[in-house]
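Following are the structures in question.
Across the two complexes that follow, chain A remains constant while its partner is chain B and subsequently chain C.
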Partner chain A sequence: MGLDRRAFVQLAVGGVVGTLFTPIPWKLADDAAIWSQNWPWIAKVTKGEIAFKNAISKFCPSGCAVSVRTVEGAPTLVQGSKDNPLSQGGVCPACAAGAQLLYSPARVKGPMKKTQAGFEPITWDEALTTLSAKLSAVKGKDGKVAMVSGDQTGTTSEVFSAFVAALGSQDFYLMPSEGQVAGKAWSIMGGTGKVGFDLKNADFVLLVGADAFESWGPMVRNKKTFGSKRPVGQPNQATYVYAGPVRNRTAAVCDQYVPVPADSLTAFALGLAAQLVQAGKSIDTADFADFKAMLGNFSADKVEKLSGVKAAVLADLAKKLASAKAPLVIAGSPFGQGEGAATFIAGAAVNLLLGQVNKPGGMKVFADFAPVVKGAATAKKLTEASFADYLSKVEKGKASPEVLLVYEANPAYGLPQAEAMSKVMEKIPFVVSFSTFLDETAQKAQLILPNPHPLERLDDLATPYGYSRAAYLVSLPVIKPVADAKPTPDLILGLAAKLGLDLGFSTYQDVLKAKTEAVGASWGDVSKGKLFASDVTKDVSGLNLATAVLAKAAIPNRDPAYPLALAPLAQLNVGTSALATAPQALVTIRDTELLGNDMFVQVCAETAKANGLSQGAKVKLTSSQGECVARVNVSETVMPGTVAAPLGFGRTAWDKFTRGKGDNLSKVLALSPEPGTNVSVWSDTRVKIAKI
Partner chain B sequence: MEEKKTSSQSGGALPFILGLLAALAVGWWMFPKALFSESHQPIRFSHKVHAEQGMACDDCHKMRDDGSYAGLPNNEKCGECHSDVVGSDPAEKKFVEEYIQKSKEVPWIIYQNQPDNVYFTHSAHQAQECTECHPKMTDNDSPPVARINKITGYTERTLKMWQCERCHAENGVSNACYVCHK
Partner chain C sequence: MEKQEFKIKWGMVIDLDKCTGCGACMVSCQVENNIAPQQDASNKLRTLTWMNVFEMNNGQAFPDHEIAYLPRPCMQCGSPACVPVCPVVATDKNEEGGIVSQIYPRCIGCRYCMGACPYHARYFNWDDPVFPAGMEKTLSPNTSARPRGVVEKCSFCHTRWGRAKERARKEGVDTMDMPQEWYQTACTTACPGGVIQFGDVNNPKHSVYELVRSKYAFRLLERLGLDPQVWYVSKREWVRMLGDNYLESEKAKKHA
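Our next item is the complex of A and B:
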């Protein structure tokens, strides 16, 4: 029998019919469905023992006390530590991304040096030998080495400032912050110690500029306090009022919003002070008479002319403050930096008039923790040193460092006049970046020595600015470094020993143990996430009201060439200068903030009309120092005469998720000396806006 | 007259039957062999030997304090008895020398790994006997061969959804999606 066509067809049909009675089609279909659930790019869930470890995350300026969920030791979730008064179970958007950021494509994988072809991986031995040789060459030469740090709350500042001092330089700086200006202002008033604000016990809170739920102070605690004072379904236990140029996220949830231009916040606070003095309030200081006389320039009518705040609104607010049981005024920058000392002083003066200093719900003053590292800069000195001013000196040739060390800071991107500052940094022959991520500053460095991610390192947190108690917390590493990173403070202590410099410690753990002891805390407690906090306050007698400063600084100086006030928006979901937008936070950015690669500035309909702008129009913002481009979003959250714009976009480094999106607003921020104090100010930057 | 070809002239139903039988043979005999690869555990672990020492299942396969199932014991647990070689079995010697002494966890093959999109908790199934889902291992002197599906990557023993659903239905437990898929 041959296999003819008919037989073949019969055989094939038989085969097909037979196949239908086997598992082949059905099993293959089922398996293919399961196979499609496991594409190689789909993240796998780690299986294993689940544990929770307390830690400190420093992606936000104040630092978050977090509880890290680990599976088989690997962090999978960062949430607020419930038992810690600083977080109370809450976490900021930047720190919430901590577990994912461990594996960010922007992480520096290991030590690198810059060559003509770009960055080249090197060994730690080579990196440290190179750095040691550079530092050895400048050792003992005044002003040849400088260092800037982005760690506002850690004892790293003691190690670094002592190291720089031992090398023969006094040029150790912190990146600009709200706490730095507050410290300087408090010092001008003759105060000592640190200032905090007791939101928890206040029943009437007036936020003058201070964006308390986004960029001012311990914002997570502030939000938790706000929530606890306003229980759902029950009467509010505290009233919140926000005064500032934009109805920002803080203002949006307050009981009252008072539009005040950023350059008039001091005048506004002095207007309140004038009302309170008129009502018979006084302060027991030697210069009160002068202060009272100066307030004559800040009557309700005059403040209305300066700030646009109606006299009746000002009078009503003053009355509410005076009649509250525990009123509190917090004055600060609407975007966490760049405010002058005068705004803080004016706010403090109102608290003094209300008798709300070292009282429940008032302004609290407590002693700074003493440094433990030999030769470390004092807290007072750190508030007085401005890195922006230092770079201005470098630009003018008044300072000529040969080595700049940069720790967890991104000055090339985040300083005001960023473009100019970045160019000044290029004048410094040898820049070393101790950054976890490949940021804009690291890209400019000659050497990158990666510091471990916050969850990978030993760290501490001492009293974030704004917190009402002296507090201390230590964080042990949750995980071994994912990248080839080494803790910078330990590297510096090792370098010090190699260079024959005696800082008194050989490991950072020893430093923190000594600090814990000096603070009066228990290592066993603070290293397990239990916050040490002291309610001991400091005597505030002998203060002055810096009347001369206020008289000069409170009057806005508006250049008619730049008709609009700029109101930068610091939003933690967008990021900070030291942290580009975290991958999962990108989806939280609205289409009216960033669309494609275009960021948006916000103006109200009145301003849009006056400037011939319409929704979506492409514009250029120009200040005296720089420019940036954006599109227009017409929003009534912004007061007339003001243009609000987001910080945190316009990255040129980092990763593909953030690079090239929007423009860097810091380029536009213009430094100017505050009359009376010479503090560099950029919260009063003015701009012009033009369609392009 | 033109000759008309009939079925019988072409072999009748024989080609059809041959095709049918060939397909059945391939589908039921060759296909399963081709679909699964066979893997052996890195260490020949004897459950029988351990059971004979009086050990219970949950001496090693236990629930953690939070109610989650720890699965297989790690070196720390095994090392409680096997920090050094205690018997004469070459498998134990291999385990101690290659894993315990080198602080390296054994890459055990898991027979019943569930997909990530299923939330299976042993805690909720404690009322069932282990052997309702798992083979009885106490008499097992050599670990069974793991047959791994070459397409899905799961083993042959991984529970299918219909098995879960049937057991839930038989025990009056909800089969709503969210019960297993979070």
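Our next item is the complex of A and C:
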């Protein structure tokens, strides 16, 4: 039997039709679709056991209490710790990207020394021998070694300050912060202990400058509290008012926004105090009569002249404060740094007039935890030592350190007058950076000894500034270091032993165990993420109102050569001085804040018109100390006569995600001594703006 | 497309009077959904932001200029515009809970769905995902990384629902009536302001049940009739008015 043409065609067509009734072609098409996307260079996700571990993440200045999701032991997600009152499950945008920052391209992979050809990897032995020799040469010589730390909440400060003191120097500093100025101001008022603010029980909150939902205090706790006081669709349980130069993120959700120039915040608060005194309120302090007399200069009309706040608005606010059941005033910097002591004092005076100190919903005062490391600086001393002032002394030749140790801080980028400060640091012969990332300061250092990432290290957190209770928490490492990093406090304790200095401890774990005991907490609890918190308050009798300081510091000093006030914006998604924008956070920056490599400054239409500026115009901001370039975004959130500009751009180190984007606003921030206190202030920086 | 109803209706309620636009939800979304970082994230035509926070204002000059922030995930519409236009059924609304699926291996990258979605909630992968060296070790186990050439979007962290159902089966709990906190999206848990609430809007035991019935609740572009499963809440009338487009000649005084 032959196969004729007709039979062949029938067979072929029958075969094709037949296969269509089987799943084969459909399965093949489906497989082809899957395999066409299944390329080896597309990253595969890890499968395996999922676990959650509590930890502390210190990418934001206050620190977040976090719960880290791990897969087969590797961190994959940082969330807020639900049971921790500091986070209540929420997390800040900086810490949210924490797991991925373990593998940031900017991570320092291991110890390095600077050579003619750049940085060269070295062994830990060589690194420690070099450092030990340098420190040994300056041991016992007054003022030859200095250290600065960016850890505002950790017991590392005790280890480092004790170490520096044992070497014969008193030059241990913290990077500038809101808490530092508040501590200093509280000391000026004759107060002892630490100040916090009971947002949870307050029913009327006036934020004078303090950007509480972004850069002031523990922002996650602040926002969680705000959210809980405003149940969806129901009447608000608390009223929030923001007073400051920009309708910023905090002001956006407040019930009322009162435009107040940054240099008039103290006058504004004193205006409120004057209204309250007029209404019969008083404070039981020896200098109240002087204070009352001084308030004569801050009547509603006079405050209107100084700050532009209408007399009727001031009077209305004072009435609302007086009639609230639990009013609270929080005064601070609109960008988390650089405010003078007077603003805090004026805010505290209003709380005192309202009788809201150590009362529910008021300002709380509690004892500092006692230091446990022998020779450590007290909290009071730490608030008084300013690193910016110290570098000014170095510049003038009044201090001549030979070694500067830098822990988790980036002064070459983040101090006011950054360019000048960075140059001063070049005068110091040997700078050692204990940084997790290759930041601008590490790049200037002679030696880099990488510190582990927050999820890789033993750490603790004691009462972030602004929290209403004395609180303590410990964090155990979630993962072993993925880079060749060693914990700095342990290194320092080891160096101390090698140099024959007795700090009383040989490991940082022993220090933290002792601290836990001194605090009165249980190691088993705090190291598992359970916050220890004490509601015990401290007596506040014997205060003074620093009348002389207020009288001098409250009057703005405006140099006509610089017609615009500068309002820096500190936003955690952009980063902090010690953390350039995390790769995963870049998308959160709007194209009206950063476009390509150009950052934007914000002015309102009135200011734009007065200065001949239009949307997108390229401009230069110039202060008495420095300049930076940007483009203009016309935004009606900024008060006339003010230019708002972002901090956190203009990186010269880090990685391809951040380097070269925008300009560093810290170069423009100008230091000036606060009249009456001599505290270095830069929140009142003034600038001129010119098209380029 | 005909409206689809299921016994469970996963819904999100976002309180615009609390959102400060901090970006924590966006960062958590990027992390949880394994979106690779881009060097220039300022080119918003190329970024992949399943959750995106927009800034809105009332159009007034200073000092009456008010602002609000609007977090925008996929609306998981009841009558999605994207589903009927997909030529390869790579996106569908056919599962309990009402989450609009996106099946990457089926997607041919034609982007009809992107054109159809009025919320701009869909994104096209112009590039293969490239993570900095080592960062792939931190990838979330809940979402596969997508190659270039496919469209992607928010899935209400769908895998988390799968895990919650596994837990329910293990613990003998009805998968159709689980406690609200067992299944939460990454943006919801991350939010430091408690702005976002997530749950079954058909389940009276879930907080969102009451919230979507609030007189302040509204949905975006409601007049298009897509029946989104994301609700917004604001006591501010101007914010609610921005929830839809009104013609100059319309005398609308209220939204929704």
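In this text, the second predicted complex is superposed on the first by the 652 of 692 C-alpha atoms of A that agree within 3 Å, B and C clash if a C-alpha of one lies under 4 Å from a C-alpha of the other, contacts with A are read in each partner's own complex, and residues count from 1 in each chain.
In the analysis below, a residue touches a chain if its C-beta (ideal position, glycine included) is under 8 Å from a C-beta of that chain, and two chains touch if they have at least 3 such contacts.
For clarity, every value in this text was computed on a predicted model and none was experimentally measured.
Undergrad: In the superposed arrangement, which partner chain does A:Gly14 touch: chain B (first), chain C (second), both, or neither?
TA: first
Undergrad: Thinking of the overlay built on chain A, is A:Leu3 touched by chain B (first), by chain C (second), by both, or by neither?
TA: first
Undergrad: Between chain B (first) and chain C (second), which, if any, makes contact with A:Val45: first, second, both or neither?
TA: both
Undergrad: Identify the partner contact of A:Pro23: answer first if only chain B is touched, second if only chain C is, both if each is, neither if none is.
TA: first
Undergrad: Of the two partners chain B and chain C, which one touches more residues belonging to chain A?
TA: Answer, by number of touched residues of chain A: C.
Undergrad: So, does A:Gln37 touch the first partner chain B, the second partner chain C, both, or neither?
TA: After superposition on chain A, A:Gln37 lies in contact with both partners, chain B and chain C.
Undergrad: Kindly list the residues of chain A that each of chain B and chain C touches, one partner per complex.
TA: Common interface on chain A, chain B vs chain C: 34, 37, 44-45, 47-48, 50.
Undergrad: Which residues, counting only chain A, touch chain C once they are in their complex?
TA: Going through chain A, the ones touching chain C are 30, 33-34, 37, 39, 41-48, 50, 71, 74-80, 87-93, 96-97, 99-100, 102-105, 213-214, 219-220, 223-224, 226-228, 230, 232-233, 247, 249-250, 252-253, 257, 259, 482, 571-573, 582-591, 594-596, 604-606, 636-640, 655-657.
Undergrad: Would you mind writing out the residues of chain C in touch with chain A in their complex?
TA: 13, 15, 17-24, 26-28, 30-32, 34-44, 47-49, 53, 55, 57, 60-63, 65-69, 104-106, 128-129, 131-147, 149-150, 186, 189-195, 197, 210-211, 214-217, 233
Undergrad: Quick one: in the complex, what on chain B touches chain A?
TA: 5, 7, 10-11, 13-24, 26-28, 31-32, 35, 64, 66, 68, 70-71, 115-117, 149, 151-154
Undergrad: Please name which positions on chain A make contact with chain B in the complex.
TA: For this pair, the touching residues of chain A are 1, 3-4, 6-8, 10-19, 21-24, 27-28, 31-32, 34-35, 37-38, 44-45, 47-50.
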